[in-house]
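In the two complexes that follow, chain A is the common piece, with chain B as its partner first and chain C second.
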Partner chain A sequence: MSVRRRWTFALAAGAVVALLLPCLGVPTFYVSLLTQTWIIAIAAMSLDLLIGFTGLVNFSQAALFGVGAYAVAIAATRFHVVGFLPGLGLGITAAVVTAALFGLVALRAEGPGFIIITIALNQIMWGLAYQWVSVSGGDNGITGIVRPHIGPLDVSGNTGYYYVCLVMFALAFALLMTIVRSPFGLVLKGVRETPRRMRALGYNVWLYRYFALMISAAFAGTAGVLFAWYNQFVGPVNLSLDQSTQFLIIVILGGIGTIFGQFFGALVVVFLSNELSAVTQRWMLVLGLIYFVIVMYAPGGLVVLVPRLWARLRGRPVVLAADVPLEDR
Partner chain B sequence: MMQLKRLAWLAAASFVLASVGTATHGAGAQGKVFKIGFLYPVTGIFAAPGKYMQEGLELYLKEHDGTLGGMKAEVVVADDQGNPSVGLTQLRKLVEQDHVDVVFGPLSAAVGSAIVPYLEEHKVAAVYPIVSSDDLTQRTPSAYIARTEWTSSQPTHVLGDYAYKTLKYRKVATIAYDFNFGWESLGGFIDTFQRDGGKVVKEVWTPLVTSDYSPYLSALPHDVDAVTCSFSGAAAVNFIKQYRAFGLKMPLICQGNTTDESTLQASPDAVGMITALQYSAAIKSPANEKFVAAYTKAYGHEPSYYAEGTYVGAEYLDRGIAAVKGNTSDAAAFVKAIRAVRITDAPRGPLRLDDRGNPVENIYIRRVELQNGKLANDVIATYPNVSQFWTYPPADYLKQPAYDRTHPVCNACGS
Partner chain C sequence: MQFYVQNALGGLAYGSLLFLIASGLTLIFGLMRIINLAQTAFYLLGAYVGLALVAHGLNFWVASVAAGIVTMALGLAVYSAFLHRYHADPLTSLLLTLGFALILDDVILATWGGDPHSIAAPPFLAQSLQVGGVIFPAYWLAVIAISTTIAVVLFVAMHRTMLGVMIRAAVDDEEMARGVGVDVNRSFYIVFAAGALVAGIGGLLGGPITSAYPGLDGELTPLAFAVVIVGGMGSLTGAFVGSLLIGLVNAFGKAMFPELSYFTIFVPVALIMAFRPQGLFGRKL
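Take a look at the complex of A and B:
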């Protein structure tokens, strides 16, 4: 079986399992953790577009995520905008506009400079959420966000909302894969590898980065909206630097530049952080060790672990694309 | 063939998942056990006061043979990490997986307000032994929550009155945390102090995480009778130390968390500070002396209000369960029964809950003093039966905007 067919098969099997899970008697708590996984994975995929394909390590992804969440939360609780599409549209617009402003500032720098500026931008948004109480509810955040109906469908239950997020994840995944494989995506890779050469070839590197940032924001905003409906709460923690770091950890765990790997990264982070804390008070230490082991022994991310183990089982050592450092590909 | 084999694997995997599912489901309902979902910060920035909550509950259960209201109590711990998002996820686990009978906690006000809609939607009873945000029992009360400790502004209403009438202060400046708790706790002080006739000439707000207070301390005017403050935990220790190191001579009168027993021994410079709170480990009453002795024996340090609050919260649970004869399935009725409980001999004194679910209780004016080589919050005045609405009719009080950064309006700022 060719690699391509194997992936298609794995994807199809994964989709079947994902579709059936809520019907298999899985406790609702785990269904809701999986729902959270789909949402966080969308946000992590959006960050992967920047880190893995454009070479921009963005520490303000949580701000974009959070702006989407706050937009839908404010619209729902203050202005009674409760529809699915209006909510989604608002969240995406808010995130894209924010990214458009961020880009004007942050993209003046590259590398470490870009990182520092995005950290600062994220802190500004956090400060706004924390201090602008009349709009954001301050530290107490915004509660009472009602999950929307989709047309005549009531998807506000655990299972219904699980499917909403699953479908949104699938859509986001398909769109992002299309984007990174398009000519536009190829230019982004060029920008990541050798911005100077791309400039020499006549590409407007700045503009490509700017667009990538806004596209990424659209997905981050989508995740933010879904998260606001999921938790029915939005607070400053959702756009904190901690949240940005968590997205980054997921991308590193899942596999930079793999898009799909972010699902595994999100799965590990969401489940471990919620399950380990019930087992031991030292769960952060354990989590740290697990991250360490993964980064040491699966540097390409979790997504390459499965094919690698599969190959080893069949006695065929293979070199996977993701194992090769980015510069050498 | 390969495909079939893989499908078989998949089927097996789904079967395992499904059986895990049913197994956890089955464990929920059995026997006459009362399950407490204890949601508190085991880790994170509030872990230190969280420890006191854990000890308070543990001590109460130990003294009552592990039973509440005649039922065997089982504590299911969930760590909210002081983070509302995590708190919500952990709450789902407590309710949907562990099927707890009551949610007991949390500590952080942000977690406390974030989980309200979920509690109401799923009709889950909750006892809040620590969370103090005003509106939880004021403008937006919930029929599913009994709060057994206090509102942020309850002790500081008293402090404002005491500062004007007894200490004869006329002009103060304020400094506090720049977030809800700081605003609400100082709001109470500013409200009563200004209504009595006092002047607040400057309000300084400091970021939640600050290690260097000097830029904020130098903003304080020196020609005031006193400086009113509100901090807690490590911030309180840091603030007091730097205030003294700065050589500021104005007396400090503060919200009680600032000199709470959980950090008091780390603040030798706190001597002489006057603070207000609903509890002090130095209250001289048989009930409190017994509690402090038992607690100190068990854990090797004095109880703080976090410990006493959780201890008393557990007593509310205990007597609430007894009142409904263990039939806690109707959450609203259960909470109503808890609210009807009157406790006459809690360590902090007598208390009852008002019809919005907040205690009417004594507020103590305490002065930090060195007693037998240790610092203590010596009680110098007691205001009995203080309501969350101070002396105002509740309806009038609720018409005012909630205390925040700009309410009540500072009457002499900039003059």
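Take a look at the complex of A and C:
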């Protein structure tokens, strides 16, 4: 089988499994965790578009995600906007507008400077959610967000909502793959590799980064909206720096610049953090240790780690092309 | 008038606390390209350790220095065990410091619990002063004075000593500094230690103003980062001026728009990025 056909086959098999899962008697709890995985994976893919394809390590991705979530939460609880499309549209718009604003400020810097500014921007949004009690509910957040109907379909149940998120993930995945393979995506890659050369070739590097940021925000906002409906609660924790870092850890774990890897990264992180918080009160500590381990021992992510472990099991040493430090990728 | 003087004093006091955090942040970044997200956690640790020492009968000032030394020891341990290998790799070192901050936060939570601890100022500074209708705690002035002293000491160390010359040489051109025989690794250790020490001392010192509670470090992070952006990444003078500026903006923001006070910090950050992206005292990006 050619590589391409093998991929198509794997993708189709994965889709069938994903579609059948809720019907196979999998416990509701795990269906719910998988739903969360689809949502978080969308956010992680949106971040991968920035890190892996544009070279922007954005620490304010949680702010974009959270703004989408808050927008739909406020619209639903205050203004009774409960439709699927209006909610989604509102969340995406809010996230894109925020990104447009952030981009004007943060894209004045590059590299580590960009990181520092996006950390500050993310925390400013967090502070806003935390303190603007009359709008955001402060630390108590917003509760009572009702999952919408899609036309005549009631998808507010666990299984129904699972399929909504699965379809949205598939859409986001297809769109993002199309974007990174389009001429636009190739320019982004060029911008990541050698911004100076791209500038010399006449590309407006700043504008490409700005567009990439807003496109990424649209997906992050989508994930935020889905998460607000999923959790039926939004709080400052959803746009905290910890949330941004979680997305980043997923991207590193899934493999920077892979897009498809983000699903596996999200799967590991979502299940791990849920299991951890059930087993121990000290799961923040364990999470911190896990960060250490991932960053130091698996900087290439699962796409590198798994084949290498597999090869070692079979007693064959391998050197993978993807096996390079974070900084050079 | 009273309103302005009162908030200006409060803002300067808060700003001088910010300097104790941001000075380390900016120097560590300037020299090693490490974005140290554990810097505010160092501050928090200093506050709790200092509090424990005071509870054991130690003098307030001695306790704050001792807490600073404990924090410094911990910072050095983490730096030499993990971070040292990843200088000049901002993303990896950033994630390591964040993982460390998570661990430290959780240890603090497990040791001292989730309730806020208020910290009393030393008795002779506990009273309020009244000058022309403006009432303010005497302790505010003490904090401003101490921070300014620390700033002067750091400034002199950086600009008037051989060690400072070497550090600044390493900031400007690490390879060249190594080439002419500067022990750059040693200056890495010294700068990281100094950053942790100053933040750790700041913890108890700032206690009477900020008190100590889990999550305080997260609340200080945007302010400290705003200082570094406004002042210019890597600049000590910038950190000092930026701290006072952000302290003032924060104080007036809190007084005038209590619900939006964090958002008011966005204004100086956005203005700096628009007109002077390298920061007030930073070098060209």
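The rule is simple: the second predicted complex is superposed on the first by the 279 of 329 C-alpha atoms of A that agree within 3 Å, B and C clash if a C-alpha of one lies under 4 Å from a C-alpha of the other, contacts with A are read in each partner's own complex, and residues count from 1 in each chain.
Heads up, the rule we're going with is that a residue touches a chain if its C-beta (ideal position, glycine included) is under 8 Å from a C-beta of that chain, and two chains touch if they have at least 3 such contacts.
All figures in this text were calculated on a predicted structure; none of them were measured in a lab.
Of the two partner chains placed around the shared chain by superposition, chain B and chain C are both touched by A:Met284. In the superposition on chain A, A:Ser216 contacts neither chain B nor chain C.
Once chain A of one complex is fitted onto chain A of the other, the partner contacts of A:Thr54 are absent, as it touches neither chain B nor chain C.
When the two complexes are overlaid on their common chain A, residue A:Trp132 makes contact with chain C while staying clear of chain B. Greater residue coverage of chain A by touch, when chain B is weighed against chain C, goes to C.
Residue contacts after overlaying the shared chain place A:Asn238 against chain B, while chain C stays out of touching range.
Applying the stated contact rule after C-alpha superposition, one finds that A:Thr28 touches chain B and leaves chain C untouched.
In the superposition on chain A, A:Ile115 makes contact with chain C only, while chain B stays out of contact range.
When the two complexes are overlaid on their common chain A, residue A:Leu248 makes contact with chain C while staying clear of chain B.
Residues 130-131, 133, 284 of chain A are contacted both by chain B in one complex and by chain C in the other.
Contact residues on chain A toward chain C in their complex (touch as defined above): 57, 104-106, 108-113, 115-117, 119-121, 123-124, 126-128, 130-135, 240-242, 245, 248-249, 252, 282, 284-285, 287-292, 295-296, 299, 325-327. Contact residues on chain C toward chain A in their complex (touch as defined above): 29, 33, 35, 37, 82, 88-92, 94-96, 98-103, 105-107, 109-110, 218-219, 221-222, 225-226, 228-229, 233, 258-263, 265-266, 269-270, 273-274, 277, 285.
Within the complex formed with chain A, the chain B residues making contact are 2-3, 6-7, 10, 13-14, 17-18, 20-22, 24-25, 42-43, 77-79, 81, 83-86, 88-90, 92-93, 96-97, 109-110, 113-114, 116-118, 133, 178-181, 208, 404-405. Those residues of chain A that touch chain B in the shared complex are 1, 9, 13, 16-17, 20-21, 24-30, 32-33, 36, 130-131, 133, 138-141, 143-144, 231-233, 235, 237-238, 273-274, 277-278, 281, 283-284.
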